[in-house]
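Some notes on the structure that comes next.
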Amino acid sequence: MAARPMDHEMDIITRDLLNMTTLVEETILNAIKSLKEKDSEMARNIIDDDEKIDMLEDEIKDKCLKFLATQQPLAGDLRKLVSIMQMIRDLERIGDHCEDIAKYTLRFENEEYMKELIDIPRMADMASKMVKNAIDSFVNRDLRLARRVWKADEEVDELFRNIYDELMGIVDRDPMKANQSVMFLFIASHLERIADYATNICEETVFAIEGGYDMEIKNGN
Amino acid sequence: MAARPMDHEMDIITRDLLNMTTLVEETILNAIKSLKEKDSEMARNIIDDDEKIDMLEDEIKDKCLKFLATQQPLAGDLRKLVSIMQMIRDLERIGDHCEDIAKYTLRFENEEYMKELIDIPRMADMASKMVKNAIDSFVNRDLRLARRVWKADEEVDELFRNIYDELMGIVDRDPMKANQSVMFLFIASHLERIADYATNICEETVFAIEGGYDMEIKNGN
Amino acid sequence: MKTYEKAIEKVILLSAIMATISVGLITFFIFRSGLPVLLEYGIIDFIFGTTWSPTNGDYGILPLIAGTLSITIGSLIIGVPTGIACAVFLAEILQKKWAKAFKFSIELLAGIPSVVYGFFGLVVLIPAIREYILPIYQFFDPEVSQTGFSVLAGAVILAIMILPTIVSMSENSIAAVPVEFKEASLALGANKMETIVRVLIPAAKSGILSSIILGMGRAIGETMAVLLITGNMAKIPGTILDPVATLTGTIAMEMGYASPTHQQVLFAVGIVLFVVIMILNIIAQLSVRKIGGNA
Amino acid sequence: MDPRKLRNIKKAKNIAFYGIIGLLAAATLTVLIIIIGYILLNGFSHIDVEFLTQEPRKMGKEGGIFSVIIGTLYVTGVGILIATPIGIAAAIYFTEYAKEGKGVILIRFFTEILAGIPSIIFGLFGFAFFVIFLGMGWSVISGGLTLAMMVLPTLVRATEESLKTVPMSYREGSLSLGATKWQMITGVILPCCKPGILTGLILGIGRAIGESAAIMLTVGGSLRVPTSLFDSTRTMAVHLYTLASEGLSQEKTYATAALLILIVLVINGAANLISSKLGGSNGN
Amino acid sequence: METKFEIEKLNLYYGSFQALQDIDMNIYSNRITALIGPSGCGKSTFLRTLNRMNDLIRGVTIEGTVKFDGEDIYGNFYDIIKLRKKVGMVFQKPNPFPKTIYENIVYGPKIHGEKNKTVLDNIVERTLKEVAMWEEVKDRLQKPALGLSGGQQQRLCIARCLAVEPEVILMDEPTSALDPVATSKIEGLLEELAEKYTIVIVTHNMQQAGRVSDYTSFFLNGKVIETDKTEVIFSNPANKKTEEYITGRFG
Amino acid sequence: METKFEIEKLNLYYGSFQALQDIDMNIYSNRITALIGPSGCGKSTFLRTLNRMNDLIRGVTIEGTVKFDGEDIYGNFYDIIKLRKKVGMVFQKPNPFPKTIYENIVYGPKIHGEKNKTVLDNIVERTLKEVAMWEEVKDRLQKPALGLSGGQQQRLCIARCLAVEPEVILMDEPTSALDPVATSKIEGLLEELAEKYTIVIVTHNMQQAGRVSDYTSFFLNGKVIETDKTEVIFSNPANKKTEEYITGRFG
């Protein structure tokens, strides 16, 4: 099985995808770190850096398009490329969510938090790990890992429900904290959506490898 | 300029895209209608019908993939196809948001609304119109229309900020209404995101027609 | 380097012109030797005169022309259908390895010196005609010549002599018809015969035609074979069993003992022969070029 | 038309078609076998060492044909030696150097014409030009030069044909590597054509050996072994003609004819072998 | 979907060399089936078994059955002439006869006994229209076919094939000798022809198989590796070898 | 990026027919430039102006300048032999000489005066390695080159071309006579060769231009319509005609 000229370019695109993933993953963690530590500067950096993610997406998309145009990949190659184009769009959206989180952080700049942040950072950890695993499962063609991401998503959803109930309870009990609670709720919902994106990425992984959205793999263990 | 065999298939895909758009558009309107009229049945239908949108997405995506694999389109054809694959993913996400809205509706099933809904339906109207226009601008290669969508997004953002302020005011004043307010806030934020998707679709339009994300067109009038 | 290459080109050009020089020389010397007597005697009288008796000063070569023509046409009548049939048989019907052997044999025929054919005609054909054909013919025409030296003998031998030319050139051009034509015809539901008659032979017609013209040229120009078997009687033949003399045979036979004037007359016969062959050649050249052009 | 009727008509046509073709082909083959067989059978018994090594006596009625064999070799050799370089060079000119102008068309045309001229005309010319005009008399050289002119077109054509089968792409390949034209011709083109040229050469020899009419008028009929180029001599074909037409000796005539056929058969066989064995290696 | 050809356990040998091995395949009516695979994989050989053109070659032996409309064409009493009338063929190199355009088209009908001039004229017009050439050449029907361009010649060959009213058209790399523009014209034609005819096409050009065919069959070393809808073969083939070939990883 | 060829206002006529019209183009060192366009667009003619192979054809007149390393190759005193040594060419049909593999490769060096056996041996080994054929044929260097497969023959021709140490390799549809597997081997080779050589390739196969080239130039009716990076030509060409051709809407 000979190496093909297209393999080289495919490798470059895969490397770019991994770079973008690393950047997005860090952004998630930083967003929550800046929230937790009330680090406005870091938050502002995140907002500025979103441009970087957008540019990365454009760049990879451009490479993919040119790859499609010049190499005319088929079968597995084609599915892989189409998946990458979907994934980078999702990664970019994840970046947008982080930007939103950072914007909330800036609103709290001059406020004390009503409680210590525990669940939200946990959620962020999980979400960022899910994103990383999702992409890794794609790159390494590892369906087992993809299945773990789906599992994790269930946990994240559970966690979100808990946070929701907790925060709504606080709003009920202490209207003064309503503003902050709603904010945290939004942040949590952003994280929940990020986790959803991770599962979407996993669907792409299955598609790229199996050539269809095989529900058994998704639902099985 | 002769008709090519691929034109026929391209037409089928375009028609499917328009059908999906119509369905999504209706779903947005129905989601808000069911919210407004507290029509639980309709809300439940929306939740059930989301499957339909998902299936439509898979179907179109499959057609696109097979088109790429067998017809190996280049240049304008290729960009058009890539754009469609991105758009249907966005349309599917819009459907997800509608499902979320419908789920909130079901929570209110046994509650009186604290106030009449005015701004949210307006936002929904605008968002659904934006989605329709975005796809139309793509299908008809109408950059002018695409620009109108961007303009409308600014209005929607403005509207969302108003709703946000209003609802947070209510929470401050009347903690009892906090729960409902937060819900409406989430619904509004879903609509805001739908509008964002519409602008993303417009970016794809520009990309498909111009072959790049031409910022001047986006920002010009 | 450059001059070296130029010099080579000049030398090669000189060689190429050699044939042209030859033709020029031939033309010049034949005409130089024969033209005076031809003009003196009168071209019309020379060509249409019916008495050839050089020793008596009668130089009418019509009998010679008639002799040449009669055996040439006779040989074509026998040789052309046979030749084309053989070509088809070789190219399309016979198995490859047998066809190769057959073709090889045919080419052997081409190599046999003409004098050998003449000798064969002399010792086999003439007696055979005398023995088998003559009695039948005599039944209708008791006055017929009885020697066996005849138009018929000449035509048969010449037919055998031109056969290789016709067979091998026709076979080549039939074989050169792209196999795609054959396949196309068969794929349309034609059988083999239809394919041969309607596609292959028409496609090869220019090659077949030029093979016939070349064969004809060879028949007209042939000397030694006809000399031995046609009887060399300068008379316009009445039947196919009459003896005849040909232009070529007359030159070859009489040159040896001719007086100087007689020699000049023979050169004049040469001029006629030369002109006829030239015309035939030119026709062949033009037709090949014209038909061959669009294939 | 009724398909069945059509089929029957086709069947009948088929039978007639193949029948006639087969018959004519068989007839041709039979004639060939008879001619060669008859002469060889009748002649072989009279060929012996004496016949080959003794000089003819009594105008060939007795003795052998030694001097005739030598004469044949002499005349043929001279003709071929003169014609070969000129023929090959001319063919190279036509295929490699000539640019399609009027002059070239004319030169080519005359070469073709030369091929069509009957041998008796060559004889007349040789007689008028070499024998009389140049004063060479009836001699080996007169005959050799005449023969050279006769076989020249054969050689040119054979060489040209084989040069033409060398694909254009070899020339392009060679030139694109920076070869000069002459390097291309000697290094690539001619090696490809060796079998073709050799075949042409051998066929030319065959034609020369079998020639009689032209030889008769330029070489004469001396039965002595020629000692110089300007001696008259006699070739086997001429000898055969003389024997046959004068009816001197059936035995010697058959023997000479058989020998002549044998030589020509061997030569043509060799030519055929070469062209079929080596001809295929040109590929494409 | 009707089945036009049913091939079962087809084995073909050139002397002792096995060129086709246990081929099982169905070819459907009014569909375009493409045969792809590397050189020497047997795809052309297989194509030629469908109208028994392999009968031209000496030393070929064939086992198994090839049913055309339910009848075994290698059966003892099968009429080859009738078969070839129903199963037309178009070749790699355009091969119009060195006759006029008109004579090329009427060649087949004439062979099959049609003599009526009006009928023949109608056939010429109909077939040339079917190959979208009528307008181009209607004023020069009596001109030599070899004067046409390569693409026109190939379309003429298709018209010639249509003139005997076949049900199936076999095409052996019909565009490999043509330039891209002529190729795309022929490809455009195929879709229309498939409405009336069953088409089987051998092609070296994988992309072409993708563009024009409904079904694709991948041949390798005389075997059929995979047959499926073309879109499946190109986007998600079941067999690893097919994937390797399709993605250029083969060999 | 260094410019190897600078073509300015190049016009070429066959007799009175203008085959190339006002061509302006740069060809860059160590890049692969593909020339595409429909039949008769002049791409092959243009290629052949770069090593003056058009000189073989009668009645050709050329205007404008073609600068190779800054020198006009159509200048009065330019040495064609030297040019052709530096600008090698590979043809459409593999054309190894009917000699041995070894003799094929050393033909060029020998012509240019190299006689040393060791040097020649080294050249053979080096060039065969460059075309990834050394292992395949090292044991049969003295076998006839025509016994190789089509793909091997073409690679041998590339090796033969490399043996005279050219700087540029012109390729005139080098794979159009090859099957897909041999084609992809040659394509795989091109990328490696581009590290040392400048390559200009004419191809009928648009997809091939996409796969292998860095720059693509689209020819139409003797004119250059557009030259750009290949990826741009194929994803977003500037000229409408290019887009039409690329997307098969042409003609």
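As written, the chain order gives the labels A, B, C, D, E and F, with residue 1 at the start of each chain.
As a convention for this text, contacts are C-beta pairs under 8 Å (C-beta built on N, C-alpha and C of every residue); 3 or more make two chains touch, one makes a residue touch a chain.
Because the structure is predicted, anything quoted here is derived from the model rather than measured.
Colleague: Common contacts of subunit A and subunit C?
Modeller: A chain counts here if it touches both subunit A and subunit C, which gives E.
Colleague: Interface overlap for subunit E and subunit F, more than half of numbers shared or less than half: same or different?
Modeller: At the contact between subunit E and subunit F, which are copies of one sequence, the residues are largely the same (over half shared).
Colleague: Quick one: which chain's Cα centre is the longest way from subunit E's?
Modeller: Chain centre farthest from subunit E's centre: A.
Colleague: Calculate how many whole Å lie between the centre of subunit A and the centre of subunit B, each centre taken as the average of the chain's C-alpha atoms.
Modeller: 21
Colleague: What whole-Å value do you get for the distance between subunit D and subunit F if each is reduced to the mean of its CA atoms?
Modeller: Computed from C-alpha means, the inter-chain centre distance equals 46 Å.
Colleague: What's the distance between the Cα centroids of subunit E and subunit F, rounded to whole Å?
Modeller: That gives a centre separation of 35 Å.
Colleague: What residues in subunit E touch two or more of the other chains?
Modeller: 112, 184-185, 206-207, 210, 234-235, 248, 250-251
Colleague: Can you tell me which residues of subunit B touch two or more of the remaining chains?
Modeller: Residues 2, 4, 6, 65, 68-69, 72, 74-75, 78-79.
Colleague: Touching two or more other chains, which residues of subunit C qualify?
Modeller: Residue numbers touching two or more other chains: 191.
Colleague: What residues on subunit D touch subunit F, complex-wise?
Modeller: 99-100, 167, 169-180, 183, 187-188, 191-192, 281-284
Colleague: List the residues on subunit B that touch subunit A in their complex, please.
Modeller: 58, 64-65, 68-69, 72, 74-75, 78-79, 82, 85-86, 89, 168, 171-172, 175, 178-179, 182, 185-186, 189, 213
Colleague: Under the touch definition given earlier, write down the residues of subunit E that touch subunit B in their complex.
Modeller: Those residues of subunit E that touch subunit B are 184-185, 187-188, 191, 207, 210-212, 230-231, 234-235.
Colleague: Could you please specify the touching residues of subunit F with respect to subunit D in the complex?
Modeller: 51, 53, 56, 58, 81-82, 84-85, 88-89, 91, 93, 95-99, 107-108, 111-112, 144, 146, 157, 160-161, 164
Colleague: Using the touch rule from the top, collect the residues of subunit A that touch subunit F in their complex.
Modeller: 2-6, 8, 65-66, 68-72
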